[in-house]
Every structure is written in structure tokens, then in C-alpha cells.
Amino acid sequence: MDEAARSYKIVLGVIGADCHAVGNRILTAVLTRGGIEVVNLGVMVSQEEFIEAAIAEDAGAILVSSIYGHGELDCQNFRARCEERGLGDIVLYVGGNLVIGKQDFATVEARFREMGFDRVFPPSVDLEQVIGLLRADIDARRPMALGHNSGRFVVEARA
Amino acid sequence: MTEIENRMLSDATFQAERAEVLKTWPSGGTVDFDAAVAVQAALPPEKRFALALAEADAEGRTLLQPRAGVALIREHEALLNGLSPYCDVLPTTIDAYTRHNRYAEAQEGIDRSRAAGTSLLNGFPAVNHGVDGCRRLVDALSKPVQVRHGTPDARLLAEITLAAGFSSFEGGGISYNIPYAKHVPLERSIRHWQYCDRLVGRFEEAGIRINREPFGPLTGTLVPPFVSHVVAIVEGLLALEQGVRCLTLGYGQAGNLAQDIAALRSLRRLANHYFLNAGFTDYKLTTVFHQWMGGFPEDEAQATAVICLGALVARQARATKIIVKTPHEAAGVPTLEANQAGLKATRQMVNMISDQNRVDSPDIQTEIDVIEAEVHAVMREILRLGRGDVARGIVQAFASGVMDVPFAPARANLGKLTPVRDNFGAIRLFDAGHVPLPDDVLAFHRDKIAERARAERREPSFNMVVDDVRAISASKLVGRPA
Amino acid sequence: MTEIENRMLSDATFQAERAEVLKTWPSGGTVDFDAAVAVQAALPPEKRFALALAEADAEGRTLLQPRAGVALIREHEALLNGLSPYCDVLPTTIDAYTRHNRYAEAQEGIDRSRAAGTSLLNGFPAVNHGVDGCRRLVDALSKPVQVRHGTPDARLLAEITLAAGFSSFEGGGISYNIPYAKHVPLERSIRHWQYCDRLVGRFEEAGIRINREPFGPLTGTLVPPFVSHVVAIVEGLLALEQGVRCLTLGYGQAGNLAQDIAALRSLRRLANHYFLNAGFTDYKLTTVFHQWMGGFPEDEAQATAVICLGALVARQARATKIIVKTPHEAAGVPTLEANQAGLKATRQMVNMISDQNRVDSPDIQTEIDVIEAEVHAVMREILRLGRGDVARGIVQAFASGVMDVPFAPARANLGKLTPVRDNFGAIRLFDAGHVPLPDDVLAFHRDKIAERARAERREPSFNMVVDDVRAISASKLVGRPA
Amino acid sequence: MDEAARSYKIVLGVIGADCHAVGNRILTAVLTRGGIEVVNLGVMVSQEEFIEAAIAEDAGAILVSSIYGHGELDCQNFRARCEERGLGDIVLYVGGNLVIGKQDFATVEARFREMGFDRVFPPSVDLEQVIGLLRADIDARRPMALGHNSGRFVVEARA
């Protein structure tokens, strides 16, 4: 199975009581342009809604945005809820202005990594870079049969 | 719910509704209207918002107002008193849970903030703090203070904060729904804001002038001036009907100087036109200019330049008030120091521009002409749809896409209208959606966009729009291809 | 000294003088013209100042240049390379001892700076570092670099820096005397700058284009545009006569937007007029705008607002280059970070204004008309006094007060002309001294000042001037009574 | 001798190779307006010129300005030179941008106090305040016969 044919499907949304819609639209546009299939839940999305959509759509990743500063409150136990619903291995990204005020990003990143997010992004992140990481991370978590990295290596070596 | 109409709520309706509203959270129980009037009447002149605005308007001054709100009363008081020397009027930004009437979550935020020793809420949960808490705050300040939020149903919030001595209340049934909610039907939020406006009207009738400020910038992103003007005018008409008499209409900086000056000048003229035509004469109108509401550059020096451009154009257009941003804008809620820095830079720029020549040019006049043609066209259709009733009309206008706010989260908004910058950075319509603009106006937009497309050797597309949204934070006004 | 005249120095005169100049400090001994031409010829295109200016002019871009100089080569190199990513062309500001040819004191400053581990000099002592030291610097940079100073006799400095690959040289016989010296006779500094210009002319004849930039802002304090324009035009004529072909004329921000835009637009037009009338056609003219050269607010946010206003007007007037200030301006020589912040804020503002509509207004046109009438009147008198010779004429003009720079330290300057702001912040003449302006122009100034006096209910006086000088650092443009 | 009749004469100048003339003009104007008799030496004034003028004019104070950053180099041994010429007690002020770069003012002040200056001012100093300090400091250093503070107290007590 070659790279071009693989699908990269993700669930995207702005968590909690946050209604910042602009970045969500831009993210959707740029990710779609970058070959990612985006299931966009829009703004004010609960953890349950994210998880249910990810199950229903068989998505490879959940991208959580939070712009309004309540990220820490809204994202509590997100990974644990995923695990409860059988999504223990799903790629989990979070990005935006995650906390109140200008805090050292490394500290914020560590806090959200601790909470189970695979990657944490500041609002200034280069979206092209996010696309690259998404492809790699989704590939790395694919079941073997669907073309896991190690499997792909064997195929390429034969060619 | 019966069909919405733009008619003053009867006393019976208001009182019955009031009893229900005050029951929605325990702190509502302590609200008493007569006591509230007494609190307001006891405010010294320097703490009355309407007075500060009227004086600034009379003297041709421009007031500065920051944005600020944290979870706990004492911390919020310290924050406001730290900002007070650098500004003219104070804000209290309400947290996002309270905006959605999620008072239990707000309480959890308060408790966790206390435990953490730092605010975990992005604003001040005024409902949870109640009348007494809010009064303690107002008493500790020396300048007028306004409630700034984003609440589709702000009835309890208005009851509590106005009873505590806040003398200005931001928002409106359209401007605090379309950009701030997802599922709230427009007729419901308009109806809830009729209540808020009626409450302010009752204060007015009791001799207390409370300032009302519809939220101008909407989604803050490439909003064509006519779109926010129509909302401001309609919300002004709705407020006047409920007895509000002190109105501040707003506009968010778009970035092109000629268009921004034209927008602020035409806003005042258009509003007066519609208010007078609706039979209102005894109101006081002022304007507020919001510094850039879109994405900011991360770098503080660059962010300060964005702030300074806003300060300059606001003063050139003689706005009564400026809502001031901070060099931390890209990073979310700012520190006290960053907020002070934004105010100091803005003050310096406003002062340097204050004495200078009035700015006039054919470009500004063209923009005024276009904006006025657009507003009149949409207002005509709103009144037609509502059979003369602006409340009914605006609901139907949004439902049919006659009114359409770009980048709005609300389901009540069609989201077909798509703006893009022209070759000089002014906001034009890439797709007018179902907004019934005159043919010559549409041709003007088309020509302007075609001019840019030629300059950039690419077809206009949504890519151009995406580039424009990301431009300012990437240090440009127009999102050109690399 | 024989009487000054505006005539190209003969080869014999130049060579004889050169032998003397190179002996005035040991480092002069290593200068060789052919080697210098070879060094310049070997510079890659991205390090040639004239090319950067020509490209910016052709593409309508505005270049940013900071000011920077420290005592030691390695530290200066690090400073410039730290600024390089944020600007387009680099400076090397020369220390004050070198400016007065006090090389022994400069050497002491170098030695003590080495010992102290920090620069105790306010600039880079290029003469003491010699050709080799300066070449090491130029080699370590990746952008064009200019010598910026304030030296009445810059002959040795020019020889050394141009031999080392600096490709632009600021200054002039008037602009580096009147604001920068006390006892130097004007004919002497003009004669010394004829030497500098002739040196640049010889490079030009050898196929090497060196950019020359007369210093526009003069004393940087309430300088009426016509005063700095006359100096710029006269120094341009003097430079062209000696064979200079790449000229950048400067203007320092006055603060009133209409006057500043008018000044920069009229500067280009007037200079072309006089240069063409003097028979020169094969020159390349560009402009440079200096951000506010007067006192700055101490607060960094306020200082950034002053910087942003300068950036905006420079770009609106389409200056080819901006000399950028820093948020540390009030505190003297800035840190690298402060210098970067000034550049970043300026870049953001320039970028946001770049695409916008050309600014035009009747106010701007009025200012252009006034400036042109003033410049023509003074130039006529200078040419009359010099019997057609602009060098002779300018010396006599200064001696008699026909030309007069406000707040200048030089004895060669009469100091009778006194500027003051009008009610809109534009610079007018409170006292024209002996400057022969037309009656209608003088009446215009009088009326404008009377308008302000009425608004402030006080008589125009030197107190008003003092208030104006202190105004910007006190957060105002016009120094109103409290 | 009452306050109004007393003279406050000072020598003012910009030291070293510094040719910043604007502040010097403003200082002269404001001090004169404040009742101080100013002998203004202008810009580029050497230590010798300051001291000779102070002797010739019988001045009560010397005000040294330095804007260009070389203040530390230019002011070395100023008090010692004054002492050599018999002006050991003269009031000595210095103000401006005294050092290279934005340094902590308290440090700069301490350094110049150490060098023998009675008062050290940043460029932002309120000039009305300087006038008040000048009057007080000159009075405090006047010989008894000319109305030293302690003498004046006696006179006033009698009145």
C-alpha cells in the first residue's frame, strides 16, 4: 500500500465553551489542502463529542484546539476517556492558547504531555509542519495489516 | 416562544420573566431593583460611564479602555487598579463559563483558581460572586466600569452587575450570539437581550443612565464594515425601543486606513439616520473603535506596531473610545504589565495624533459611499422581510443569508458570505452569498478583487482568504503569495 | 585658506592634500587607492549600498537601517550580525572622539573598553582600527554597511573606511558642522568635505559607486523642512560637482503627518530641479527618513509608539530608507535587543502600510507649496550672495543669517531663526531671523501661530518653544500649557 | 538677607566632545525662568573651562551635562581638579545619558557620587525639582556671612 493511497482522517474541534471559529476554519482549509481528511466538529465541542466522532469516523487522530485559556480545565482526563472508549492508541494533538497568560511554552507543553497528548502546539505553529507530523504519527500507530512502518520497510526493500 | 417583535416589553411580562431569571442561580436572590437604583444613584460622577462618554464626546477626546478579568475578586480588583492610571474607563471581562450560563463550572473554576493561586478562568465570574462581591469590586475602583462578555443570555448577569454599580453593559442579541454561540436560536438571544435592554430602560426611567454598547467587531476577522454596521444599527434600534438612551456603537479595525476612517465616520451618520427615522431623538450616541481583533504577531514589538496603527486610525477617525490590545495578544490573556504597555503605547499615539489635521481624501469618501449603499440595501431588505419590524426582519435576514457574518460559529448564520482583501488591503466581497447588494456595488467589489488577482497573478480563491486571515500575524496586511 | 568655491578639486590639489591627510594618524599609512578599488570591486552585489538603494527604489520598497557602533571590532561585528536579520542595510556609527579627530582619546577609549569588558565609547573608532580592522569587519558582514558619524573633517575616516569596503558615507560640510561642532569655520568643513566627495568621485571614475548621504535632520529639533532641504540640496550640488553620482537626501520626522509627507515628497522634486538646472543628469537620487530625532519618552511602550508613527509616515511618503530608533532612545545607546525591537516594530508598520492607498490631501499640497516657496527664496539668495557659486553662497548665507539652523551649537550659525509648532503640530517660524522668505509665506507662518496662541490663550513666546521641545517625551506633539 | 535677594549663579555646559545643544538651550531657558543666573558655556566644554568660568564668575554650582555616553570618561577626576583650584566646596551636579546603554540608574548614580558629584540626574528629571535642589544646595554651602542656613534661622527667629 503506497503512501498516496493511504488515508489520513482526523477529527478536529475547539473544546469546551470556546467559540473561536476563525482558526478552526483556517485549520480545516489548510489541512484539507494538505491531503488530510478533516471531520470538523466546529466550536464548543465536548470531550464526548470528540470521542464519539472519532469512533464513528474511524479517525486516526483527534486535534483539539483551545484559544480562550480554559484548555487546562477542559482537557482534564481526555486520554483516560479515550482509553475507556477503546481509543487508547489514537493520536491526540492539542494546540492554541492553552493556559491563562503568557507562560513558558515548555512548561505548558510538559503539562499537556503529562495529560496524555502526543503533541502540544503554540498558536504560532507552522501548519505545514503539523501536516507532516500528523502523517507520520498516524502511520506509526496504524495496525500492521494496514501498512505499519516496519511492514512498509519490507515492501520497499523488495521493490 | 411567540414570534419575536420589536416592541417594548410590558411591565407584566418583564416582572414575570424577572422572577424566573433571578431563580436561575442562588445569587439572583439578592437582587432588588430599588436597592440597585440606590447603589447607582450613590455613584460619584467619576464612576459613571455615561458621563465619561458624554464629556469625552463634548471635548473631542478619545477614551482608552483595556480588557481584563480574572477569577477572584481581590485579584481582579488589584488588576483593575493596576490598569486604572493608564486608562479612562475600566472593563470587567466575564469568563467563558458564565457566558454560557454554566455557573457550576464557573464555581469549579473559582475553587480551583483559589487552590492553584492563579486564575484558571479567562474572566471574572460575576454571577457567582453575586451582588455583594461585585459591589465590593466597584467600591474599590475609582473609574467607571463596564461588563464585557459574550453572553447570549445575559439577563442574570445584567441584573447582578447593574445592581452592584457597573454603569455600562456590552453586548446584544445578535452580536453576542452569532460570534459567541453555536446552537442558540437568534430569536431567543434577541428576546433575552430585549430583557437586558428593558432593564437598562427601567434604570433610565428611574433617573439612572446606564451605557449600552452593542459588540462591534463580531468575529473580528475580515468583517466588511457594512456587516457590523447593520448589526450595530439593528441592535441600537432594539435597545432604543426598550428605553435605552445611551448607546455606544462599535467597529473593529479592518486594517486599511481609508476604509477604517470611512467606517467609523459612516457608522455615526448611518445610526443617526435610522434612529431618527424610527422616531427616536432623545438618545446620546458615541462610538468605540476596537484595535485589531484578528491574529496578532507573536513578537511584542511587532504586536505593539499593530496596536499603534489601531490607535492612530481610531484617533484620526475621532472615535469616542478605543478598546486597547496588548503586546501579549498572540499568547492569550495578558499580564498586567503587558496590558499597561498596550495602554501606554496607545496613549502616546493618540496624543501625538490628537492635535493634527483632520484626514480627508477621495479614497475615504469612496469607501463611505460604498458602505452607505450597502447598509441601506441590507436595511431595506431587513425591514421588508420583517414587514417593518426590525426584530422579525433580522431573524429572517440571518435565516435566509440576507445578513451573513464571515467566520461565525453560530448555526443561525449561513456562512456563505466570504470576504477577501483587495490590492490595497481594504476588505471586499469575494462571495456576497445571499446578501442583496446593488449591482454597481457588487461590480465595485469584483473589480477591486480582480485588480489584486492580476497583481498577484493568481485567481481569487479561498486560498487568498486563508492567506489574508494569517497575514497580520505574519507581518503583512495583504496575504500575498510568497 | 583661499576663498571656497564649488569647483572640482584638481588631481594635483587632491593628491597633495591626500599625502598630508594620510599622515595625520599612523593608520593612514596603509591606505592605497588601487588596493581600495580592488577591495570595493571584490564586494559581492549584496554588500553594495548603491545597489540596495537602486533596487529598493525600482521596486518601491523601503529599506530599514539601525544605528549602532561599539568600541571593539569583535563586539561591533557581533552587534551588526545580531541586527542584520532585522534590517536591510547596516550602519557603523563612529564614536565622538573620532568625530573630532581626537584619535588619541579614542585609543584610550578602546583600551579602557577592553579593560572594562564593555564599550565605553559611543561608537566604532574606525580610524584607530585602521584599514585592516575595518576590512575584518566588512568581511564578517553579509549586508552593505555605511559610515555614520558627525565629523567636520572626515577625510582620513573616509580614506580608511572606503578602502576597507564600506560602500556608503554619511555627512557633509554643512550638515556635519552646524549641528556637530562649535568652532569649526564653515568654509573649512565644506572644503574638507569637497575632499571626501572628490574621493568618492574618484571611486566613481574607477567604476565603483559609493553612496553619499548628506545628514538630513541637522539638530533634530523643530527644524523647518525648508532649512534641512536647502542644506540637502546645497550638499547635493557640492557632491555632484566633485563627481559623486549616488545621492541619498534625508529628512528628519517633524511629527505632523501632512507636513512630513509634504517634506519628503518636495525634497525629491526640489533636489531634481536644482541638480538638473546645474547641468547634472547622470545621478541616482534616493531619500532617507529619520524617525523622530528629538527627545523620546522614557517608557519603552511609548517610545515604540513614536517609532511606529515615524515608520507609518515614512512609508506613506515612500522614503527609500528609514533610519530606525529604539525603545531605549531616551536612555542613550541601546542594547542589541532594544535595537532589534525598534526594527521589528518598524518592519511590521511598514509592511502593514506598504500596500495601502497613496495618501493625498489639500493639507499636504499646501505644505508642499509653502516648502517649495521657502526653498526657492533661500536658494535664490544663496546663489545671489555667492555670485552663482553655491559654496561661496552658503558660507555667506550662514554668516548673515540668510540660512539659520535652530538649536545648533556652531558659532558659524546665527541662531536667530526660532521655530514653534502651530495648532496642528506643524513646524512654523516664530522668528524668521534674517531668512529672506516671501511676505505671503511669513504671513502664513504668523497666522498659523496666532491660531495656536488663540487656542491656548497665551502669547507666542520662547516658553511655547521650550514646551514644544519637551512635548514628545511628555507624550504630546504640541507643548500646550497644563 | 532674605531669600528673594540672594543670587543663585551657576555655570552650565555640555562636557567633552559632546555637541548636543538642544537640552543645553532648554536647561538655560528653564533655569533662568526659575530665577537662576546661568552662565552657559554651551557644548564641548572641557573640565578646565568649567572650573575657570566658575572661578571667574564666582558661581555657586557647576552643572555638567553629558548626553552622548562618554560621561564616565569625561568626568574623571572633576572634583579633584576643582579642589586643586580651590573650589573644593562648590556644588557639583551632573545629568544626562551618562553611560553607554540602558543601565540601572542607581548604579550610575553611585558611580558618579563616588566621583564627587553632589547630585546625579537622569535625562527625565523634572527641572523644577532641580531648581529647588540647586537653591537649597547652594544655600547650604554659602559661607556663614552670606546667610548660611543656621545663620538664617537665627535671623528669622528674631523677626
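As written, the chain order gives the labels A, B, C and D, with residue 1 at the start of each chain.
One rule holds for everything that comes next: contacts are C-beta pairs under 8 Å (C-beta built on N, C-alpha and C of every residue); 3 or more make two chains touch, one makes a residue touch a chain.
Quantities reported herein were computed from a predicted structural model and do not represent experimental measurements.
Chains that touch both subunit A and subunit D are absent from this assembly.
Remark: subunit A and subunit C have CA centroids separated by 55 Å (rounded to whole angstrom). Look at where the CA atoms of subunit A average out and do the same for subunit B: the two points lie 33 Å apart.
Chain centres here are Cα means. That of subunit B falls 46 Å from that of subunit C. With chains as nodes and touching pairs as edges, the resulting graph is an open line. By the definition given earlier, chain contacts exist for A-B, B-C, C-D. On the subunit A side of its complex with subunit B, the touching residues are 16-26, 29-30, 33, 42-44, 67-70, 72-73, 97, 99-102, 122-124. Of all the residues in subunit C, the ones that touch subunit D in their complex are 70, 95-97, 99-100, 102, 105, 108-109, 112, 118-122, 150, 179-182, 219-221, 294-295, 298, 328, 330-335, 338, 407-409, 462-463, 466, 469-470, 473. Only residues 255-258, 297, 299-302, 304-306, 308-309, 311-312, 327, 340-342, 344-349, 351-357, 359-363, 423-425, 472, 475-478 of subunit C touch subunit B when the two sit together in their complex.
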